[in-house]
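Okay, structure first, notes after.
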Amino acid sequence: MSSSLGTLFRISTWGESHGPGVGVVIDGCPPRIPLSVEDIQQELDRRRPGQSKIVTPRKEDDRAEILSGVVDGLTLGSPIGILVRNTDHRPSAYTEMQQAYRPSHADYTYDAKYGIRAVSGGGRSSARETIGRVAAGAIARRVLEKSLPSYQTLAYVKTVQHLEAKVPAELSSDLIESNIVRTCDPEAAERMIELIESVRTQGNSVGGVIECVVRGVPAGLGEPVFDRLEADLAKAMLSLPATKGFEIGSGFAGTLLTGLEHNDEFYIDPAQKASNSPVTGQPSLGIRTRTNRSGGVQGGISNGEDLVFRVAFKPTATVLREQKTVTNTGEETTLSARGRHDPCVLPRAVPMVEAMVHLVLVDHWLRQRALCS
Amino acid sequence: MSSSLGTLFRISTWGESHGPGVGVVIDGCPPRIPLSVEDIQQELDRRRPGQSKIVTPRKEDDRAEILSGVVDGLTLGSPIGILVRNTDHRPSAYTEMQQAYRPSHADYTYDAKYGIRAVSGGGRSSARETIGRVAAGAIARRVLEKSLPSYQTLAYVKTVQHLEAKVPAELSSDLIESNIVRTCDPEAAERMIELIESVRTQGNSVGGVIECVVRGVPAGLGEPVFDRLEADLAKAMLSLPATKGFEIGSGFAGTLLTGLEHNDEFYIDPAQKASNSPVTGQPSLGIRTRTNRSGGVQGGISNGEDLVFRVAFKPTATVLREQKTVTNTGEETTLSARGRHDPCVLPRAVPMVEAMVHLVLVDHWLRQRALCS
Amino acid sequence: MSSSLGTLFRISTWGESHGPGVGVVIDGCPPRIPLSVEDIQQELDRRRPGQSKIVTPRKEDDRAEILSGVVDGLTLGSPIGILVRNTDHRPSAYTEMQQAYRPSHADYTYDAKYGIRAVSGGGRSSARETIGRVAAGAIARRVLEKSLPSYQTLAYVKTVQHLEAKVPAELSSDLIESNIVRTCDPEAAERMIELIESVRTQGNSVGGVIECVVRGVPAGLGEPVFDRLEADLAKAMLSLPATKGFEIGSGFAGTLLTGLEHNDEFYIDPAQKASNSPVTGQPSLGIRTRTNRSGGVQGGISNGEDLVFRVAFKPTATVLREQKTVTNTGEETTLSARGRHDPCVLPRAVPMVEAMVHLVLVDHWLRQRALCS
Amino acid sequence: MSSSLGTLFRISTWGESHGPGVGVVIDGCPPRIPLSVEDIQQELDRRRPGQSKIVTPRKEDDRAEILSGVVDGLTLGSPIGILVRNTDHRPSAYTEMQQAYRPSHADYTYDAKYGIRAVSGGGRSSARETIGRVAAGAIARRVLEKSLPSYQTLAYVKTVQHLEAKVPAELSSDLIESNIVRTCDPEAAERMIELIESVRTQGNSVGGVIECVVRGVPAGLGEPVFDRLEADLAKAMLSLPATKGFEIGSGFAGTLLTGLEHNDEFYIDPAQKASNSPVTGQPSLGIRTRTNRSGGVQGGISNGEDLVFRVAFKPTATVLREQKTVTNTGEETTLSARGRHDPCVLPRAVPMVEAMVHLVLVDHWLRQRALCS
């Protein structure tokens, strides 16, 4: 079940890059959630090719069709099927690859695993697979927003190669969407765009780090032991193409602190005492931490602070330069990719990161309702 | 199902720190695997308290009993139950904590989630829970070794706070076990021990990074999309107590390279052509990569190179110093932990990391057998 | 996850009767299995409406489209998506039902569960949902046939109301398909057809029993304890619409025998000693039983004899006569269904029963390969 | 995962008949449920050997120990481990069986599946495995009773071979427990006891049918499509040793009715209008059916009527008479069981049936809370 995720809100994505289409089935979505195809399309538009000059110029409209599970703008509680037809096939661009394995791509490992693969467009290993995730994430978000009104997930590009954004005190979706890199620092954005255009011209690529802040998550989500919130987030992020690392809260830098420096002091915030916990229905004690080195999770369970984590994306493996490699018959050769590529995946990866957050949280939210409502 | 992990080789751990005992049930272990209680005990001894001067001096023998699933030294294919009785209860040490939440521990979040918790010894959030994992990991290792003779997992302490070990060309279990820190650099070990003893004296704590190298994994393990090998490893590692980060191959540092610098060139190693793949049974083409920035995984699937990853452990939250906190009735207070603690969890975390690797890989190995044998 | 089934060969069906379409995603199908859309269409044609004078005259072509997972007639190991567009909507026929609950249908219970439902065509509770099962079953069958050459599943109508077929010594697919009832007794078929046409004329309906014989299942499939082969078959059959009972081997009648009468004696069949077990790869001992009151399963595991079981189908709930019922606002009323209905579901249920057998067995076959190959 | 059951309330049983012990881990039990070891012991006492003259005279006290998950009489939300030590081993009684396969037992199929088995006491195929189920069922029952005050499951022996009990209008636990057969008809009980003692004297055995009535299940439990309530009940029942059939409501006899005769008319019961649905929290409309041929389930979902189903148990396979069989080396031989056996499993199967009902319902109850609370 390589293509399914979730315990209660369970998604199954399907589709090859150059087959008839890609999509997803969501099994376990609660009934009576307001949902329109526009809710989904809006997120797909943030991940689609051709949206700006720094992403791949491929032309794919990526129009979603809701096949089931929704009537008159409300979910039914039955599986929601979503289909996006593939439109931009150029199988000829892949002829050479039928033989030669692209370095740091999945061509060789698919053959090693399955003894067969869909060569054209990268088949199942193409980033088009994430269309299903982003569509499902849009639905997960609606479910969460209905129960947790202050829920908000904001991902943004923190670094592109050596260029780092300053994170302002006031983060907002508008700020992040104000530039085509999707960073929270308009000034850094310009330098990042320049860098990305420069490497594109060279047929090269760059990577970077996406940071994500999640607000409005009540204390009590996540399961101790294996299905810890940070463990499920780590898995979700490392399941995205091109990711090489995940850290939450203080992360790797936190290993340089002592325990006394690292611990998050608790205090009482009287302003929060008024509200009821959506998890327990009981009045909140107003417990907060003064710092957030924990990244919003303690013992695998959310503590009511913002979730804060970072994901490392390697430079795109597709580069338009000659590289040494081997063929599927075991001979050494060289390969030069041609055509269109993303010189930097990060701008389009921002909505993917957000979608995975929605998917992880909605599942834990439903699990918590089962356990303790 | 917070306490279960795995699709085919599925483990369920159970037990509170100061209850009758802790243990695990393994459901899905193949039959006819040679297994003795010593195989398990040996790994438990590497994680138990009191094994050296730099870990907690608690006295727990942690003797394993195999309750089922094994007859005459061979597994039956039926569930294997393992029980370790708890022996060192000191409930009195926890009286104060019934009220006050220990900073950066799971006391508050357990209450927020469940509305109840086993106060004594940290209950389920205690690191004693990992006994079940380490025991199950020892069994998973036997299964893998039977099918993959060159399989070997070597974890070691890479850094303690700012002190970093040099990784030699020749890694071995003997080298790592030659010092009580479990690092691969005997010289650094001395400085690390000094540092850990120093922070212990101060009632403080330190963290660090564990690196892990896995050899003998054939190409073809791992599933594309959600159950990628690196995603499942990330989840497994982030499910260990005190972890804050995971990176594979080039990791976060890889974001500073360009695609041309980062890609791993393929070549043919004639020496490997002789062997048959344990995944497909077909003769190997001898495909290798010259560098290993991928960390042994491409497109979520192992490529036959060593798996290489790192895990960040925060400094132990238990510090023997007065800290500000709040009570479970919502009042601010201070708390001073007393007694025994691990000033640095890393030496005892090494066998935990290895156990989680065994568990992730055995599950993917069985899944691959189902799919392609 | 109401709409997913299977551990390794996992299917997720989706779709409402009068929405855009219905379909299925199969996650976990092994690679390199020969598969064409005709393999699927052939089975769909056996379940579709309008195929004969004794089933509903609705016009639905039910043309399948393979959306993913297959290239050049071979499965890829990636998810297989299948879509069948709905074409024959007549929402007007359901206006009345928006208010009144049809007796012994799922209208009321869907509302009780979800607080919402797709009224038109019965929505998700329509037998159109089984299209996805039959399509997935056709694929499961191909997987089984590749590994188990003598595998064959033959379901047939055993009784229609009080009319019972004689089961001949020589069963075959041709015999069963030789009549529109899909019974194995051409003489009984005529009386059954007469009965079905008679109740249809009266706007009434009848039920009956389908028997199923599965050949070529090697000893060793099925898991003791919960996932027994008979338990998974029972669940699969009782998950079909209109089913009320399941029995295997001697079934309910077996409760009238004593142990001495019921036990199946073992003997050695020298003719079978030649072959190797596809489960263990070891030479067969030629162990057989002289009788088969066990129905091919002992201790939850297949013993190499034919699987033999029976499924009870109630008379169709849709009858074209006035019935007393209530509205969704809690008032008593009467309701007269109009239009087209299946006076007897059994002829179209035969391929559904077979599909569920394929799905149960392929999953256990893959699980066995994982455990013991 | 042959030994695990459930999606949210998930149990894993373990243990061989003559190993150190048997038990269960329950993962997913909600917190703050009152639970004592006596709650569990009470049910175990109903299934243990030696409780009356018509069951096996083996001496096993079957004392349960709660190893985890409960503190001060309340569940913690963490896994509950339960251990029952085995005490009555007589390995010598099984020497002969190491060679000869007992007819209609699981000896042969275990060997065919695993290539190894625990011979003594039947190992994992022993009915001792059901101890874990009965213990877990007792906990499930407590969870249900806390949320659904009128919940009650009553199983009873309906027939022993050809002897049938009359089911009175007023069923009660006291009535059923008033006789050692656990039937609801004291007069029939005497004849049944006589029959069982008679076949025991002859070294023979008998089977029969258990009927089960479940009250207080609100409308809305169960999932359409695969996890239908009747499908999950069928699987649960067919997973019990010695079962050959399951039917719900009208069952096999219902196939003799026409649709008009079979359908359950709806009506409004004003007396029920007062109450709120525990599923939706909304006021009930008072919808009832006049008959209950549906057996309390429509479209896979409970409709608020009593669940009513029947389970067929074959005559015990162990008979103390010489039978023809084969050895594990493929030679024909004869075998005479000696010693102690249950001449009729039904009296001890009654608490097993009830336990499985609790387990199925608690899982669906938690799933419903997740979906719709």
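Observations, loosely collected:
Letters A, B, C and D mark the chains as written, and numbering starts fresh at 1 in each.
The working rule: a contact is a pair of C-beta atoms (placed from the backbone, for glycine too) under 8 Å apart; a residue touches a chain by one contact, two chains touch by 3 or more.
All values reported here derive from a predicted model rather than from experimental measurement.
Counting hops only between chains that touch, subunit B reaches subunit D in a minimum of 1.
Farthest from subunit C, judged by the mean position of CA atoms in each chain, is B. Between A-B and A-C, more contacting C-beta pairs join the chains of A-B.
Separating the centre of subunit B from that of subunit C, both taken as means of CA atoms, is a distance of 45 Å.
Inter-chain spacing, taken between the CA centroids of subunit A and subunit B, is 26 Å. Centroid to centroid, with C-alpha atoms defining each point, subunit A and subunit C lie 39 Å apart.
Multi-chain contact residues of subunit A, defined as those touching 2 or more other chains: 1-4, 7-8, 13, 28, 31, 77-78, 113-115, 124, 224, 372. Here subunit C touches subunit B in the complex through residues 7-8, 28, 30-31, 77-78, 224, 366-367, 369-373, going by the rule given at the top.
Residue ranges of subunit C in contact with subunit D, taken from their complex: 1-5, 7, 13, 101, 103-106, 108-110, 112-115, 124-125, 129, 159, 161-162, 199, 204-209, 218-228, 230-239, 241, 243-252, 254-268, 273, 277, 279-280, 282, 285-287, 289, 293-295, 297-304, 312-319, 321, 323-326, 328-332, 368, 372.
Across the complex, subunit A meets subunit C through its residues 1-4, 8, 10, 12-16, 19-23, 25, 27-28, 31-32, 65-69, 71, 74, 76-81, 83, 113-118, 123-124.
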